[in-house]
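Letters A, B, C and D mark the chains as written, and numbering starts fresh at 1 in each.
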Amino acid sequence: MKTYSFHHPLRVRWAEVDRQGIVFNGHYLTYFDVGITEYWRAIGLPYPDGVADAGSDLYVVKTLINYHGSAEYDDVLDIGVRVARIGTSSMTFEVGISLDNELLIEGEVVYVNADPETRLSKPVPDKLRHAIEHFESKAAAHA
Amino acid sequence: MKTYSFHHPLRVRWAEVDRQGIVFNGHYLTYFDVGITEYWRAIGLPYPDGVADAGSDLYVVKTLINYHGSAEYDDVLDIGVRVARIGTSSMTFEVGISLDNELLIEGEVVYVNADPETRLSKPVPDKLRHAIEHFESKAAAHA
Amino acid sequence: MKTYSFHHPLRVRWAEVDRQGIVFNGHYLTYFDVGITEYWRAIGLPYPDGVADAGSDLYVVKTLINYHGSAEYDDVLDIGVRVARIGTSSMTFEVGISLDNELLIEGEVVYVNADPETRLSKPVPDKLRHAIEHFESKAAAHA
Amino acid sequence: MKTYSFHHPLRVRWAEVDRQGIVFNGHYLTYFDVGITEYWRAIGLPYPDGVADAGSDLYVVKTLINYHGSAEYDDVLDIGVRVARIGTSSMTFEVGISLDNELLIEGEVVYVNADPETRLSKPVPDKLRHAIEHFESKAAAHA
């Protein structure tokens, strides 16, 4: 099982649960987004201003979710987040959602750093790269 | 029963239905918004560009919903819309949502016309007022 | 300004903010629902099981929102909740959403207690009524 | 470029667009779900009753999205759907979302057929398999 460098709790809302009594499959991407937002805050670069100040403008280019189980109404979930890879212009977040230490949902979100005008990709700024690497290595040392 | 000057069909999505098997109460405001969007298109002032060109910038100041029944998954609803009142700087939309001619939901959305910078209210532009009045009186003549 | 007997914090998510940079008007009903859910938990009757055990099955019959201001992305809002009235078969929640002690949103949600089979209204069970009255009077004493 | 055996139009709603002026990444899974719902209807097995009558109970086990572009408010999108693979107990839907013949979004949704009680996978019923194969081969003949 993967370990995540950052964790954030989230309680499932009534409006997020469908007729089968489980969270609608697409809402997990909202949960991923909440977890990643809190990750940026935790490393000192709150989204979007901190990220923009570091010279970055991020666009989602890929999301992937594997559903091992289902979250239900009122569950208090743990959202685990880590950055698994930083490429030249992209970065890959891995996210895992657990309930009572049982992994329900596992996935990834890939962002590309791009110019907001041209939408052409450009290198991830050093400030962002270093902040992430520093946070991830500190977490690895404590694991 | 009220008559509406404009009608738009909408099919209930799986993600909009809750554990009780009915549409979550807040989603009806999204349905209202869809109906009002299509109303603007129908009168020749598509939102937001047509409305902005007419000199208006609209902000919601009040919403009200009375729930007489519940929509369910896959229902094809009729969204009825009409403008009930245009004041100096505000306008009131009345919306009714029906299934097979049974009124399930009835409500209103009040907008105020405001300056986008200061958020201070200002008079509804004549172009907007006339387009609405023309549409509503034509509908009344056909009712 | 009203005082509320219960308060719950909520951070605005990216997915809840629209193109104008403000929370979409319908999402406040989700926030109301989150606040009311936590209210039930606070009085010892978590929704829906605690409420059902007390003999109640609640349906929303009316919602009302007055928008005085707009919440924005990442705002940490205070959701204030109180029960303003319990009738024979209905109860009225009043909800206020504030940011830094400025009231942005004010509204109400009216529920009717009904038989889940027939959907006919029936009296609010004493257990529910007493739990709410006890909580509200305790809050009033501390206000 | 892939061809899809089924197409369904969908207009982007105001509430689905974020502060960047583009559809929030998670909402595409709602769009996928709408497209797949209409696919089931098109092959004569409307979800969930037609699918249940055919002996199937489907659970999402994987979703994947590649984002090539972004949909914006009021865009009328084309949702293309096809079943790319039917395994013993699973089936893979491929979905493509286009605007004016430009492919913006491409993805897949994998379902497993499972017993609603035990959640153990079981073979896709023949009725379902045949309905899909018939529809896909007819579409291929017309491509």
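Basically, contacts are C-beta pairs under 8 Å (C-beta built on N, C-alpha and C of every residue); 3 or more make two chains touch, one makes a residue touch a chain.
The model shown is predicted, which means the values in this text are computed figures rather than measured ones.
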Which of B-D and A-D has more C-beta pairs touching across its chains: A-D
Longest centre-to-centre distance from subunit B, chain (CA-based): A
Over-half contact-pair match to B-C, picked out of the listed pairs A-B, C-D or A-D: A-D
Chain centre separation in whole Å, for subunit B relative to subunit A (CA means): 36
Centroid distance [mean C-alpha coordinates] between subunit D and subunit B, Å: 30
For subunit A paired with subunit D, centre-to-centre distance based on mean C-alpha positions, whole Å: 25
Subunit B residues counted as touching two or more neighbouring chains: 14-15, 24, 26-27, 30, 33
Pairwise touch network: line, ring, star, complete, or other: complete
Contact footprint of subunit D on subunit B as seen in their complex: 13-15, 30, 33-34, 37, 46-47, 74
Touch list for subunit D against partner subunit A, complex: 24-30, 32-33, 59-67, 70, 109
Complex interface listing, subunit A residues touching subunit B: 14-15, 17-19, 21, 24, 26-27, 73
